[in-house]
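Consider the two complexes below, in which subunit A is the common component and subunit B and subunit C are the respective partners.
And now, the complex of A and B:
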């Protein structure tokens, strides 16, 4: 006897209750605080802020806690929250030339004004599990010195003085806003960069890596990678001038790419650019490589058909919230479509079977 | 949930969506790009339909949500609860009582009447997408009314299988102009699209598109003179209400391959049972 499935509502409620219990885990173990996540899982917090497009470490930490550590789920929580926030206005463009750098390295010059600052990096750690951390995570205080004062000039500016690198002319055109206008092709560079800065880290990394392995190779050097805080200023109409409203930590990567010239451009170095919220250097470097690959058209290069050169392919598939939603939706009921496919396959099989019988008889 | 606006979205966003809807109604079957927002449910769960519903709902509306034809599938329950909570609107499962019906994959069996709005959740709004993956190309094809590729695809089906091998999301032509994806409804539902008394709105959130059919629009399923379109369904009556004119779900009822067929439209089936119709599997 068939009884129509009722009680979807109760099933959902119970599933949510169970989920909450699983999230908390064993209650004999102390609960994680938002501050602990913010302070001790800060790179996860940074990724959530970057791909969630919302700079708020506490909210990102809350999202990570609520998402049981699933960062894409946490990014989704932040995006859904962000979209409900009213817009008071836009900040002035941030000036990364006045960044208070925690880290600043160049792979193209051994020494340069402003110096090389390694900063808190995993780069030269030996990846050995530190079993001491399992017992006691307290660390001795790291040596410190006074911060450098003054501006930190960009490496690309030195090259520019010699005319060796393409010009990046100042442009005051307001950039399009991906979160307020539908993404449409062709996308200009500002829009592409906007999409890339919130793009999935793994997807961006994979694409960037593919360019290094020959799918649209563009010979990138990290001209400069810098991480640090910059002031954010906003023009207050009532005051008539801009005031500082806070600080954000950014990672900026400028690549210098070899370029032997094209039909339209002379031989010179070209640029790829990455700028991402927080300490997120894998993402910033990846972004710069993909940005450079996407610029083939404006530089008069050949389209070799590489995935990273294809703006439509890259931009329509880089957003992990869109991707994960559409991917996972196939677990929702599809009885109706499947039923119509069943009927069709049965019909085609019946006819194919009848034809075979007929052929055998002939 | 007082911290959110009526029907969740802020008024500016709703206004933007309404403009897209009006444009869609003015150009039936044309896909209007709109600045889809991140919703508190994932893309693929009906965010396009939810945004369209949020934009058209008024406090006086009565709202019905179906998924696969049924009011009690989990995602239909979830979306209905969302609007109960954020808009406080009355809800119903009765097709005729609803003023706004959000649906995934079905058109109700009971004919809709004037004043009703049917909101479809759309995963891939572009009927040409699987023939041409590039949006820049497909938009060009629509503007040039270049639909040859679609006819070639359908013709190839016929030459290979003897039939058009599309059983759901079967493409239609609207008022002799735009080829349109009717969302993944079974082709059984296609004849209901045309000449419908209700307004039909289609929302694709992830793909950022809205399109529409005003009441009494001509909608024709693509076919050939010698291979006319045929709406199909399982060749059985409903096991519960005995209906022979409704779309059926197939259920596996034991581990010996026993099956039964039941209306996918739960409201239609229950209403028939309430008026004494009985199928062979009814208690």
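And now, the complex of A and C:
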């Protein structure tokens, strides 16, 4: 029986009013501005843009403020907003070869054209709490040095020259889009990369780590990691040609992986690819490892049953908004569902009880 | 147009308004906020895939003298889209060389300075390797 119930409106309104008050916190403390969040919590902003799948630092900062710093809630807000935007088109594929690099390192080659550029990294810091940050203080100016001009070549190009690494041949197949068509299996690499770049960082990190620990091991080296800005060009129908419509900061990771060869391919290195909005290095490396693990079939490797090799498992559980939506819905009223379960358990207990009485009588 | 699309918020308006008073125009398409799907290539050079969207604002207008200006700019500023389209239209008039000098060139120089400052900081973090004495010597 379905029982319609009403009520709770006032409780909900009051809960939201209290939420707004708690969000603000103690009013003796200055309120955070969107610009402060954008400038000073920029890695949180980057994560919200990457997983919200919408590049707009101000919106991501607003979402973080509204969500009281709950990044998955903030990502949810961005995803919801994104659906209200009319789409004007798709860009030309960005060229990461012309990236203005803030950071560019290789774990496989020490001396390489363009050099090892550390950029603003946490690496080599001592991970000791810096109590100077608790007090107001001027930040010393970062040193600068004459920069080389010109593009920084990709590391894989060097290996390509010797034929030691698989090629990524140019191709112009229009990619499938999981924001327009539901994600269905089998998913080709373009679809997998789209799902992975917006996937939950923690889930992707866990899967990538599992491949390193032996669940579908593929011996990854970070061939190259680069962070910087690239121009975005789009074909403008009114003009009939492509123009720059903006610039995005991206993190790109190319892994170089061992490959012993197959029936058709000689032994050579293979590649995993990670590319993520913003300065999001942990996510980009994780993405490259998981991308490589998911490529077992096209590379003719064995499926050893590792979680990271299972495209359906990975792609259907990597989206934190889908996951949290389904997970959190179980806290919402299920009174009628539960009522029927309760009835069932009571009935089973009555029957079991009656049987016991009967057995005792016999 | 690329320059106008990437300009910091309010910068084009400040440069233009310091130079001329804005001419009258009619909208062909009033400013509209939307998104573009940014694409990339697997392995940087391979097959394209959808990386995620970015916000953009576009508009189109006609000056009283008939020139049409378009703009597609990053972000959600309708005021910036309007002024970018206006500059695009004015660049087709006799004012082109004057605006190139007073709006586009300062804009380009400002952005080049910012880029160079970033590149110089990155260059300062470049590792200079030197070989230590080897253990077996």
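Just so we're on the same page, the second predicted complex is superposed on the first by the 343 of 362 C-alpha atoms of A that agree within 3 Å, B and C clash if a C-alpha of one lies under 4 Å from a C-alpha of the other, contacts with A are read in each partner's own complex, and residues count from 1 in each chain.
Assume contacts are C-beta pairs under 8 Å (C-beta built on N, C-alpha and C of every residue); 3 or more make two chains touch, one makes a residue touch a chain.
Just so it is clear, the model here is predicted, and its values are computed rather than measured.
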Per-residue contact with subunit A, leading partner among subunit C and subunit B: C
Partner chain(s) touched by A:140 [first = subunit B, second = subunit C, both, neither]: neither
Contacts of A:348 with subunit B and subunit C, given as first, second, both or neither: first
A:332 touches, of subunit B and subunit C: first, second, both or neither? first
Subunit B versus subunit C as contact partner of A:55, first or second or both or neither: second
Partner chain in contact with A:240 - subunit B first, subunit C second, else both or neither: neither
Subunit B versus subunit C as contact partner of A:82, first or second or both or neither: both
Subunit B versus subunit C as contact partner of A:214, first or second or both or neither: neither
Partner chain in contact with A:173 - subunit B first, subunit C second, else both or neither: second
Touching both subunit B and subunit C, residues of subunit A: 82, 86, 179
List of subunit C residues in touch with subunit A within their complex: 1-2, 5-6, 32-56, 58, 60, 70, 72-76, 115-127, 129
Subunit B - residues contacting subunit A, complex: 4, 10, 33-40, 42-45, 47, 67-70, 72-78, 81, 105-106, 123, 134-136, 161-163, 165, 167-169, 184-188, 206, 208-209, 232-234, 239-240, 247-251, 253, 260, 262, 264, 266, 269-270, 281, 283
Residue ranges of subunit A touching subunit B (in the complex, touch as defined): 1-2, 4-9, 11-12, 76, 79-80, 82-84, 86, 179-186, 312, 316, 321-322, 324-330, 332-337, 339-344, 347-348, 351
Subunit C contact footprint on subunit A (complex, rising order): 49-50, 53-56, 58-59, 82, 85-97, 100-103, 110-111, 115-121, 142-148, 154, 156, 168-179, 189-191, 193-194, 197-198, 231-232, 234, 236, 238-239, 243-248, 250, 252, 254, 271, 273, 275, 277
